[in-house]
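Letters A, B, C, D and E mark the chains in the order given here, with residues in each chain numbered from 1 onward.
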Amino acid sequence: MSPFLQVCGLTRRYGGVAALDSLTLDIARGQVTGLIGPNGAGKTTLLNALTGLARPDSGKVLLEGDDVTGLPAHLMAGKGVVRSFQIVRELSSLTVFETLLVAPPGQRGETLLGALFGRRKWWAQERENAGAARALLERVGLLKLADQPSSLLSGGQKKLLEMARALLMRPKLILLDEPGAGVSPPLRLEIVRLVRELKAEGLSFGIVEHDMHLVEEVCDRVHVLAQGRALVSGTFAEATADPRVVSAYLGVAA
Amino acid sequence: MTPPPDPRDHALAVSGLRAGYGRGGDIVCGIDFAQKPESIVAVIGPNGSGKSSFIKTLAGLVPTRAGSVVVTGRDITALSPARRVAAGLAYVPQEANIFATLTIAENLKLATEFLRGRAGVGPEQRARVLDLFPELGQRPRTLAGNLSGGQRQMLAFACALLANPEVLLLDEPSAGLSPRIVGETMEAVVRVREAGVTVLLVEQNVAAALGIADEVVVLVAGRLSLRASAADIRQADLAGLFFGKAA
Amino acid sequence: MVLQLLLNGIVTGLLLALPALALTLVFGILRFANFAVGAMLTLGAYAAYTANVLLGWPLPLAAACAAASVALAALLAETLVFERLRTRGSITLLVASMGVSLVIENFCRFTFGNAARSFDLAVARPMRWNGLRINHEQIITAGVVLVALVLLHLLITASPLGRAMRAVADNAALAAVRGVERRTVARITFALTGALIGLAGVLAGLDRAIDPLMGWNYQTPIFAAAILGGLGSPIGAVAGAILIGVAEEMSALILPVSFRQIVSFGVILLLLLFRANGLFGAKAIRK
Amino acid sequence: MISYLVTVVIFVSIAALVGLALNLQWGLAGLVNFGVAGFVALGAYTLAITAPHVGWFAGLALAAAVCAVVSMLLSLLTIRLEENYLAIVTIGFAEVVRILLLNLGDLTGGALGIADIPRPFAGLTPAGWGDGAILAFALTLVVVVFAFSEALVRSPFGRVLRAVRDDATVAAALGKPVLALRVRAFAVGGAIMGMAGALHAFFLTYIDPSQFTPIITAYAFMAVIAGGRGSNLGLVLGAGSIMLILEATRFLKDVIPGIDGVQLSALRLGMIGVGIVLLLIMRPEGFVAEPHRRLADFFPPESEKA
Amino acid sequence: AEIPIGMVLPFSGATGPYGPDMKKAAEMVVKKVNDAGGLLGGRPLKLFIEDSETNPTVGVTGTKKLLEVNKVELVGGFWGSPIALAAKPIILAADKVQMVSCAANAVTEGDTKGLVFRFQAKSTSWGPAGAKVMEKIGAKTAVVLAQQNPFVVAMIEPFKAEFAKLGGKVTEVVMYNPDQPSYRSEVEKAFGGEPDAVFCLSLLTDFVSIAKEAYRGGFKSKIVALSIGADAEGKFLQAVGPEVANGIYHLQPAPPLESASYKKFVKEMGAPAGTVFLFAGNAHDQICATALAMEHAKSSDAKTWAKSVFEVCNPPGEEVDDVVKGLELIRAGKKIKFVGAGATCDFDAKGTRSTARSSSR
């Protein structure tokens, strides 16, 4: 299968630290790719570089063959690459429901003239989006909190909201940064189910996660990162069998 | 229900605790709980059930509406968060648990500077704590806000340990940590307990928590719905625990 | 001529430096721009005037009195007003400080009237050195500012109190569970800034006339200086103040003097275009 | 008495217009603008300079357009600045406007200002009704701008601006063109401030630089905060209460005996300060909270369906 | 019933120092008139005062309040042309009388309906007066250092013209904006070229800063200043001390300090002889003229008594400087000519006082 997204020799330094050190890897179309590795390996930095939030010092990012290196964030999102944040960043004055309504792309009501003169049109869109938002809220168990300001959610709830927000952006590739951290075990299963369903619909995933069960359940392939480089790539079983991975990442065999 | 605990036998004794935010309803709805000294208790429960709110109330960050909190025989219910430190309480929050605009070294210094009369750990123990997370020692002048998610967790945990507490409250210490570090953190918790500290731990990583806890309490909708030894819980059906009928 | 202008610029800048330091301190710790600095400066000048002229104390003693009174006023403003609005966002606090500013300014007007006043100190002719004119007052000003800067810088970067201040600024709840009481830190900060502004008021009173609006006239340059230097950075505040002073005075070489405030605006804009956080502003921190 | 109240209402209208504009820029989009006075002055002077040549309506439109363009340029230069830095740049902008007005005498009349500014409908209103006409004009303007902002606030445009305000990085990651959104919000706000300036000029028929002091900016912020950031209705109430404090203190001072003029004046201004602080302390949420789109707007609860 | 009259005076802002004495002077006249039995057969005057805060917008609301709530027949005071100009249309629309003590010519230009009276010398006439002082102190070159304000700006050209006629040369005009923290650049620029004299057109607060700065800078040029800036009713000396104040020439147009009516006024104000009460004198004269005109017109209706202002102030007639005496004479049917404390109050058809004199000290 042709790679959906290719990362070639990507480097990003912060002071003396090379968060990404000519990293090369790819994310396949229609698959779930796991990105795992020790703390500080550069996983989040990679996601930042892929979504326009960190400008790489060198190297290339190719999306379906197009060079998208260093494109600003909103254009990357426009190309269908969306992400969730590891340290949750909620839109604090929006309600949970509104947070989800903001997400869908191409809203007519988001332009000045559209908002003023196209009320009928954007209202129709809004209804449609509301339906999708509601369904998703129900799945992640936040429906009852729909009209709460999102800043008042618990840590895990914010995580779920963050993922739901990303899902509503009708992405092609969705990059999740530790979706399972802080989420209760039953809802983690729900995440697994959700990812599988969406994958069946043709979405591609890149998932950063430390919960090995979750990774094992959903990932077709994994890349193990360490010190800004790809250490091992392969299936979950292959990767976790590698002694280097065991010592650097898993510790005593899990 | 259990008879009201005798505070003197317990490191941490909570009775009839009610708490909530602003003008909203109670989030913590009447919790009676007591913990033996030098034990580890894990609090688990669904998202939004009030686990963080519970330990924030213990730390004094959420106003107590009713009930009392006693730490090592001292009633701290009316104290401000800063004064609770003197009673030997240390707390690691779930989010925003480090000072992002201070350097790593400053974060560590601050951990022991304002203990209000208590002494922090000795130099030997200090070195032990820092050995636990070698990454923290490598770039002391880095701003903590630029650390990776896992590195932040390490820093936060280290800071709490340096305060040499009697009772340690941990909110999801393993979130975001790699499996190896989770293992090491959990070992560290066990060692801390052996050094005489009482640990109350909120975890979503149930497996890791069960691995070290003596007892587990399940919190659902602001109430303790179950309390059992870790061994018993290992057999139980989690989904059942979280969403209704006790096992 | 050029050198003299440079010197004048530095003097003007140094006069702005103390209140800019105070502004930057409050901002760095409590995260809001205190609009009452101008009015507090006026209060400082009047407090010193009262001690010096009405009570006949020597000027250094009067300056101490000014520092103490403004510190007290700042403390009062903090406990009565700002503390109650702490959770309501920086701009609400800013607006509240406008209200406080009105109260302080008019307290001075009520008590002392509108007429311009001066300290009981003869204005001296300048010392001359290589064609440059230097005053005693200018030397005093420079000394006071430098000492204040060094002390403040050490306090903030190297003392436990400074760390506690910055911790509160960063995350007050976390600071609380580490044993740092926000309210205490806030009060100390305010008292400290009050003392600084009080001194600044004395220096300003030496430089010009004392009237109820004197602080208001310093307001914009003070803000400009603090921001130019990077809010929250003491060295930045002083550097920003001197830069503003020098830029304005030197601009007289090429522009009519009535346009000189435009020059300082231009300098700010230019600098911020390239350094969005000012000269010494905090490095960007990812969330 | 009526005519005095009319004057007060017109000043409330001007303040409300400025407040509405600020609410778009700051309340909604999170862009602090401390140069409000500068934009109002720019609007007033544009009108005063052009209206004698092109008529009041074209002058009004020009005032709005000039301010929109200037705020667009300013925002393009400064918009990536953090809140407090933006604040000072905008303060500086207002200073620059004031200095230019004062020193470009050929165009602006310098310190003497511009007199005899034509009023709308001046020829049509019977003598003595001039204030009535300008009152109607002011109220119409407020209603139109109010409806306009209200439509924006409640639209997805308003919502995405709030998202930008809360966290620009997240908004960008959500695919929203943050820069363009901010520039637009700033420009629209600028245009409204220009119109407020024009109204001011219409009403006074004489303008000079000393009318556009930073106090205008301060009052605008007070109105927005007192009324509830993000809420237009609250803001009009806020503007009204600020003006109430300002004017009511006039009467209060008429009945206080035994102190001299300066002290009376100081007392009055001090009371205004106290009033503002009390307003902030006692009205924690502002008068009216920001409107939110609720789930029930799309999915009415069962009871209502029946 | 009482006859309400009003004044808009500055008590705060940059011109704040001038308000209190104006108020005092006005109240003094009102008291005198009322003690003497009031006007029009026993009606007392009632004076309302509003603060302009040195801001035209505030001045307008204040004026509106006076007109509509207090129903005044006269709105007087008005230190500062912008405030007077902003209030003018409103007062004219209400057909009431406006009396101003500001100097910009624009106030009495345009259609005034014969209701606007200016009690201050046209500021243009201060210019030549300044040039004469320059000549007297032997200055050949001069620099003008002036605040951007309408009152002052109008003096510059006439000064230059007159100074040139007298053989002097203005080497530079330095304009500055009010409300600055310091005026160092300005002083450096004006005095740096070492002219024989500097003509300082400033108000009190900025002039105090400038004078101090010039002294401290060690500059030797002589300083000629407007008495209103340099003295503001005697407060300058108090603010800068004798060393700095020494050797500064104060330009005083009318009132001539020697005039009997002015001396009497100073005494009534309870001030030491020689105090310069320029604007307070204007305020005094405004109320006097109003009272006299009302009595003369036998009406408190503004449109009617406005015409009488010319009758009681312009020659011919018996010269009077005391309002009570004036009232008596009018009641006795005599023609009078009121001589004010601020100046001899003659008005041309536009309501402009037509004399200005100068002196220096």
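Simple rule for what comes next: a contact is a pair of C-beta atoms (placed from the backbone, for glycine too) under 8 Å apart; a residue touches a chain by one contact, two chains touch by 3 or more.
Nothing here was measured: the structure is a model prediction, and the numbers come from that model.
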| task | Find out how few touching-chain steps suffice to connect chain A with chain E. | result | 2
| task | Pick out whichever of the two, A-B or B-C, is joined by more C-beta pairs in contact. | result | A-B
| task | Name the chain whose C-alpha centroid is farthest from the C-alpha centroid of chain D. | result | B
| task | Quick one: point me to the chain whose Cα centre is farthest from that of chain C. | result | A
| request: Could you put a whole-Å number on the gap between the CA centroids of chain C and chain D? | output: 30
| Averaged-CA centre spacing for the pair chain E and chain C, given as whole angstrom | 37
| field | Overlap residues in chain E, where contacts from two or more other chains coincide | value | 11-12, 16, 19-20, 148, 175, 177
| field | For chain A, residues contacting two or more additional chains | value | 87, 89
| note | Multi-partner residues in chain C (2 or more other chains touched) are 106, 109, 113-114, 212, 256, 258, 261, 287
| field | Residues on chain C engaged by chain B in the complex (per definition of touch) | value | 160, 163-164, 166-167, 169-171, 173-181, 282-283, 285-287
| request: Please name which positions on chain D make contact with chain A in the complex. | output: 148, 151-152, 155-160, 162-163, 165-167, 169-178, 184, 188, 230, 290, 292-299
| field | chain B-facing residues of chain A, complex | value | 14-17, 36-41, 44, 86-88, 141, 145, 152-157, 160, 178, 181-187, 210-212, 248-252, 254
| request: Report the residues of chain B in contact with chain A in the complex, numbered from low to high. | output: 21, 44-48, 51-53, 94-95, 135, 139, 142, 146-154, 171-172, 175-184, 204-206, 238-239, 242-243
| query | Can you list the chain A residues touching chain D in their complex? | reply | 51-53, 72-74, 77-78, 82-83, 85, 89-95, 97-99, 101-103, 105, 107-112, 114-116, 119, 122, 126-127, 130-131, 134, 146-147, 165, 169
